[in-house]
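These notes open a run of structures that come right after.
In what comes next, chain A is part of two complexes: it sits with chain B in the first one and with chain C in the second one.
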Partner chain A sequence: MKKNSWLEKIHEIYRKNRFLMVFMPAIVLVTFFFFVPILSLLRISFFKYMEMGVFDSSFTLQNYIKFLTDPFYLQVIWYTVKIALSVTLICLLFGYPVAYYISCMTGKWKMFLLLLLIIPLWTNLIVRIYGWFVILGRQGLLNSVLLSMNFIEEPISIVFTTTSVVIGLLDNVFPWILLIMISVMEGIEWPIIEAARDLGASRLKTFYEITFKLSLPGVAVAGLFAFVWSVGEYAVPSLLGSSSQRTISIEIADQMLNMLNWPFGASMAFVLFAISVSVLLINNWLSSRSNIAR
Partner chain B sequence: MYDVELKDLNKKYRSVTAVENVSLDIKKGEFLFLLGPSGCGKTTTLRMIGGMEQPTTGTIRIQGEDVSHVPPEKRDTSTVFQNWALFPHKTVSENVGFGLTMRKVTKSVIKEEVAKYLEMMGLDEFGDRFPNQLSGGQKQRVALARALIVKPAVLLLDEPLSALDLKLRQQMRFEIKRIQKRLKVTTIFVTHDQTEALAMADRIVIMNNGRIEQIGSPTDVYFNPKTKFVSDFIGEMNFLPGKLITKNGESATIALSKNCQVNVPCADTSQLTDNLVVGIRPEKLFVKREPIPTNGGVMLEGHMEEITFLGQLLRFHITFGESMMIVDDFGGVNRALRYQKADKVYMEINPKDCLLMPEHGETL
Partner chain C sequence: MPFSVEGVKKMKKKLDLPTICLFLITMGVLGFILTPIWITVAVSFNEGNYIVFPPNGFSFRWYQEFFNDYTWMMAFKNSLWVATATMIISTAVGVLSALGYMRRKFPGRNLINLIIMMPFLVPGIIIGICLLIFLNKINLSGTYAAVVIGHCLWGIPTVFLLVQAVLAGYDFNIEDAARDLGAGPFVGSEGTLGIITRAILKLIPLPEARQTMTAAFPSLNQAAETVVDIIGSRVVPSALEFMDKHCIRAVDNFLKVGLPQDAQGFLLIETDGFASELPHAMEKITAICKANGAMDIRVAADENERQRLWKIRRSISAATSCFPIRGDGEDLVVPRTRIPDIIGKMDGICEKYGLFAINFGHAGDGNIHVSLVEKNGAVDMDKVNAASAEILKEAVKMEGRIAAEHGIGIVKKDKIEFNIDPATLDLMRTMKQTMDPNNILNPGKIFSFDSAPKR
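What follows is the complex of A and B.
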C-alpha cells in the first residue's frame, strides 16, 4: 500500500489534469520552438542597428518607420501585395469553374482528375521551380514552340519577370485552392439543388441561389489561403523573380543574412505578418456580416 | 377529372428496370399513397411525376397536359423531400417564400403569404431562424409550408416522416392529413410504412419490383389482398400449405393436415391447383384449451411456443405441423396466465376469414 503511494499520486495528478497532460508535449514544443523565438524576434525588431551584426537594445520604432515610409520599401510592399492579389484572383476565377466541374463528377474520372491535382504536390518545390526554367527559359519549351509557329520573331524573356513569379506561385497554390473548393462544393447536398428546381428556379437561378451562395464561405477560405501563402512565399520569387523587383520576403532574407541588420529584417517580418493577419480579419468580418457564415 | 395520369411508365437504368408499366389515374383532391419495400420503384415513380427523373418510356399528364419531359421548375408540382432539403443559408421565411420569389411575386405579397403559411404550420415565431436551429418536426413543417405556398396542382411527399421519432410521426400523420383535406390538394405520398398508408390514405398503390401489385382503399387492400405479396406486406398474415380435396360450386375443401379440413368460400374455383396456400390474419385465430368450436369454425391443434406481451395485445407463437403461426389476442393480459410454453392448444379459424392462393402469384 505504502509502496505504491507515489505511483498513485502521479496517477491522481494525471487524472485531475488529464487535458493538460495530453497536450503537454505539444505545448512545450510550441512554446520553446515557436513563441519564444517569435517573441524574441519581436523584441529585436525594436532594437537599434549600430553596425553589421551589432544592435543597441534600446527601444526604437525607427525600423518600422523606415520600412513604412521609405518609397523604395513602400514599393516593395505594394509589389508583394500586388503579386499575392493577382495569384488569389487568378486562382479563384479559374479555379471556381474547374472545382465546380470536378465536384459534379463521379466515379473513375473524378478520381483520375483528383490524382492529377495531387501528384504534382508530391514533387519537391525547388524541383518544380527548376521545371519552370525548362519551360519558360529563353531556349525553353514555350519559346521554341512559339518560334516554330511563327508567333514571335525572337525569344521572349518570361523567366525572371513578375509573370514567371505569378506562374510559379500558381503552380504551388492552385491545386490546394481547387481541393478546398471541391470539398466545399461536394458538401452541398444534391436534394437541396433539386428542391430549388422543384420550387421553380431555373438551372441558372438555382446555381446562383444555391450552389454559388453556399460555396462562398469555401471561396473565402480558398482566397485567404492563396493570398497568405503567396504574400509570404520566398523560394518562388527569389528563384523565378527579377533581381530589380523584390518582394518583402526577399528583402527580409537580404537584411537578415547579408546585411546582418536583424532589427530591420525582424520589423519587416512583423509587417508581413500584420498584412496576413489583417487579411484574415477582413475575411472573418466580411463573412460574419453576411449569411454566408452559416 | 384526373389531376395526374400515368400511362405505361417505364424507367430503366442501364440494365436495371426501376419502374415497369405503371399506369395510374389520380383524382383531383385525392390523397394517394405509393407503398412498397425499398427498391420497389415508388420513389422513382414520384420523382418522375415531379420531373427529377425522366421516364424511359410512357407519358405523365398533370391536369391534362403532357409533362413527361418538362423540367421540374415548369411543372405544377411541389415536393417535400425525405430529409426535407431546406436551404441551409436561408431563414425559415426565405425558405418558405422561395417558390414565390422564383415566380416573381411582389415582395409585400410574399411577406403576407409567408406569414399566413407559417401561421398555418404553427411556426409564427420561427421566421427568422435558420434550418439548423430547428427541431426535426419544425423542419418538417417548414418543408411542407415551402411546398404548399406555391399552391401546386400536385403535392409530392417522399417519405417525409421517416426521420422523425414515433410519437412525432403519429402526430404529423394526423396533421398532414388535416391540412391535405383542408386545402384539397391532390397529394401523392411515398412510404414503406404500411401503418402510415392505412391511417392516412384515400387510396393505396402497392408496388413491388417496379410494378403495381394492387390499387385500392385501405380496407380493400387489407381485407381483399389480390396477391400473396400484398397480403404479406399489408398487416400480418399466416400462410398454411394446403391440399385441394374437392371443389363444390362456390367453395373448395382444403386439407390443412391429416385430420383437419376447411371448406373455404371461393368465387372462381376453376383456377384452383392441387397445392395451395391458405392465408389467415393473426387476429382471426382464437386460442382455446378444448377442441370445441364456439363460433362454428374449425379447430387446429398446435403447441404453444412463445407468449409475447405487446401492450394492448398478447402475441402467441404456436406451432402447427411444420408451420409457425402468429396469433394475436386482444382479450387482456390475464389470458397469458392461462397458457404456458409447450402447452397443447387449439386454434379456431372461421373458413370465411381464409384466403386461398396458389403458392405463387395472385390470390383467388
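What follows is the complex of A and C.
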C-alpha cells in the first residue's frame, strides 16, 4: 500500500511537471557545451604552467596573481574596461534619442527604419569591419573626403588606433542596443503618456516623468549588453586595433593559441568573466533598488 | 501601441525643433551603422588590387574569381552547411523553450531563463576557448559539429529572446473585437454578461479651485426650484446634494451644527474651475438661493470650512443609523423637477403605513436615497416592503426608475417589472442565457433562473 502511494506520488509529480521537458534540449545543450567546459576551464586556471603546452595539475593561484599585479596586464585590463565603458556611454547617449524617435513612429516609415536597423544584423561582423577599413584606411573614404575639402594636408591614420576599435565595437553593438531600447519604449503604454498630458503635465515633464523613468530598466539592460559584448569582443580589436594597445581578449587568445599557456589564459578568461558578472550584478542591484524606490 | 493610435499620430504630425533633432540623430546613427555595408558592396565591384575608395573602375572581376576558385567555393559550401545546421537546431530548441517559458509561471522559471541566456551574457572569447579545450578533449575539435555547436550556443538564446518578445506582444485585436461586439448591452448589465478585464478611464485634471456652500429652505419646493434655476443659469455644479426635513433633523441632532429646525429642504452646492471664475459663479448661486427664499446660507471661506460643510452631508449614514431603518439604501431616480412631488407622495404613503421617510440624494441627477423608518419603533417588514413598492410605483409614474446608481442586484429583482415591460424582460433573459449559458457571470443578480440553464 505504502509503496504504491509513493509511486503514485512520484508519478503525480512527473505528470504535473512533464511540461518542463520542453526545456530539456536547451538545458542539455547549454549544460554540456557551456557549463561543463567553463568548469573545466576554471580548473585549468589553477594549474601550474611548466613549459609550452605542459601543466602541472597542482593547485596554484599564481596565474591570477600574475595577471592582477603585473603592471603590463593591469594596463591591459584598464584599457579594455575603458574602451568598453566609452562604447557603452556613446551607445546609450546616441542610441536613446534614436530608439525614442523610432518607437514614436508608426506605419511604413517605422517598418522602414526597423529594416535599416536589422540589415547590419544580417551582415557578418567581419564584413562590416572590412567596410571600416575602406572608410578609415589611409586611402579610404574619410581621408579622401577630408583631403579634397582641404581639412587636412596629408592622410591621417585612424585604422589600428583606439578610435577605430571604438568605432568597430559601436557598429557591433548599436543595432542590438537600439532593438532592446525600442522594445522597452514600445512597452510604455500610450494611455499613461496621454493621461499625464491630460492631467496638465508639459511635454518635457511628461517625457521625464513617464517615458524616461519607465525606460530606465531598458536602458540599464541595453547598457549591460553593450558593456559585456564590448569588453569581451575579439574580432574587432584584433582586426582594427593597434598591436601595442592590446585588450584582454587578444591576450587570452595569444596565451591559449600561441604561447600554449592554458592556465594563464584560463585565469585571464575568468577575470574577464568576473568583470562581466560584476557588471551584471551591479546592474541588477541598481534596478532592484530603483524598483523599491518606485 | 495598445490603444490610442491617435496619440501616436499626433506625435508624428508635429514638426518642431525636438522632432527635427531626433530625426537628424536617427539618420546619423543609421548612417553610421549602414555605411560600412554599402561601402563593402561598392568596393566589391572595384577593378584594382587594393582597397581604395572610390573604387578604380567597375568590374565583376572579383566575383568571377570567387566563383571560379575551388578553395573559395569549398569554404562557401562549408559556411552554408554550418549555417543550415545551426539554423535548424537553434530554431527548434529556442522556439520550444520560449513556448514553454511563456506558457505558464512555475518555480525555477527564472533559473531556466538564466541558464539558457547565460552564453549570451558571457564574452564570446570565453565561449570560444572553453569549447576549444573541451571539444579537444572529446575529440570533436575541427569538425563541422564543433563549429555548429559553437554557433548554437549563440543561436539558441537569440531565438529564445526573439520568440519571447513576439509571444509577449499585446493582442491588438482584442479591443477591436470588443468594440465590434458592442459595449452597449454591457452597460448596466451589472456584470451578468461579462467581466471587465481592461478599462479605459477618462481622466480629468484636479480643478484649480473649489467653492462650497449650503442653503436651507422653508419648503422642499423652493429647494427643488433652486436646483432647476442653478442648472438653468449655466452654472455646472460639481456637487448638488439635497436633504429633506427628517434628514436635516437627524443630522443636526447628531452634529449639533445649528441647522434651522423648521427647514424642509437643504442643499449642498459645490462648483469648481478657475479661481477667477468661481466668485462670479458663487454670487450667481447665492442670488438664486435668496430669490427662492433660502433661510440659512453658509459659504465656505477656506478648506477647513469646506470640510465642515461636507461633514454635514457625510454624517447622514451615521446620524440615521440609530433609527430602526428598513428599506435602507432604497435608491430611485425621478426627473429633478419632480423631487418635491415624489417626496410629497412619500409622505402620504408613509402616513398610511405609520412610517416616515428620511430622504437625501443627488439633486442634480434627481437621484434619491430613501430610508423608511418605523414611527413607533416596532419593525414590521411587510409594511415597509409594501410602502417601498408603492413609492417605487409612484416614481415610475413620474417617469422615474426604480433603481439609480445602486442597480437591481438581488434586492430589486422582483420589482424589475415595474420599469421594464415583459417583452423586453424576455429579450434580456434570452440574451443572458446566450452570453452565459452556464449562468456563471454574477449569478443570481437581476434575473433568477429556476430551471437548469440551457446548453
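Assume the second predicted complex is superposed on the first by the 264 of 294 C-alpha atoms of A that agree within 3 Å, B and C clash if a C-alpha of one lies under 4 Å from a C-alpha of the other, contacts with A are read in each partner's own complex, and residues count from 1 in each chain.
Please note the rule applied: contacts are C-beta pairs under 8 Å (C-beta built on N, C-alpha and C of every residue); 3 or more make two chains touch, one makes a residue touch a chain.
Bear in mind the structure is a predicted one, so any value in this text is a computation, not a measurement.
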When chain B and chain C are modelled together on chain A, clash or fit: clash
Which of chain B and chain C A:L89 touches, first, second, both or neither: neither
Chain B versus chain C as contact partner of A:T31, first or second or both or neither: second
Partner chain in contact with A:F174 - chain B first, chain C second, else both or neither: second
Chain B versus chain C as contact partner of A:E194, first or second or both or neither: both
Which superposed partner A:F273 touches (first chain B, second chain C, both, neither): second
Which of chain B and chain C A:C104 touches, first, second, both or neither: second
First, second, both or neither for A:V54, with chain B first and chain C second: neither
Chain A: partner with more touched residues, chain B or chain C: C
Selected from 2-10, 20-28, 74-82 or 200-208: the stretch of chain C that, after superposition, runs into chain B: 200-208
Residues of chain A that lie at the interface with chain B and also at the interface with chain C: 189, 191, 194-195, 198-200
Interfacial residue positions of chain A with respect to chain B in the complex: 189, 191-192, 194-202, 205, 209-210, 213-214, 291-292, 294
Complex contact set, residues of chain C against chain A: 1-5, 7-9, 11-12, 21-23, 25-26, 28-30, 32-37, 39-40, 43, 50-54, 92-94, 96-97, 99-101, 103-104, 106, 112, 115-116, 118-119, 121-134, 137, 149, 152-153, 156, 160, 165, 200-201, 203-206
Residue numbers on chain A that touch chain C, as the complex places them: 17, 19-20, 22-23, 25-27, 29-31, 33-38, 40-41, 44, 94-95, 97-98, 100-102, 104-106, 113, 116-117, 119-120, 123, 127-135, 137, 139-141, 144, 170-171, 174-175, 178, 183, 186, 189-191, 193-195, 198-200, 225, 228-229, 231-234, 249, 252-253, 256, 262, 265-266, 269, 272-273, 276, 280
Footprint of chain A on chain B - complex, ascending: 50-52, 71-73, 77-79, 81-83, 85-90, 98-99, 102-103, 130, 132, 146-147, 150
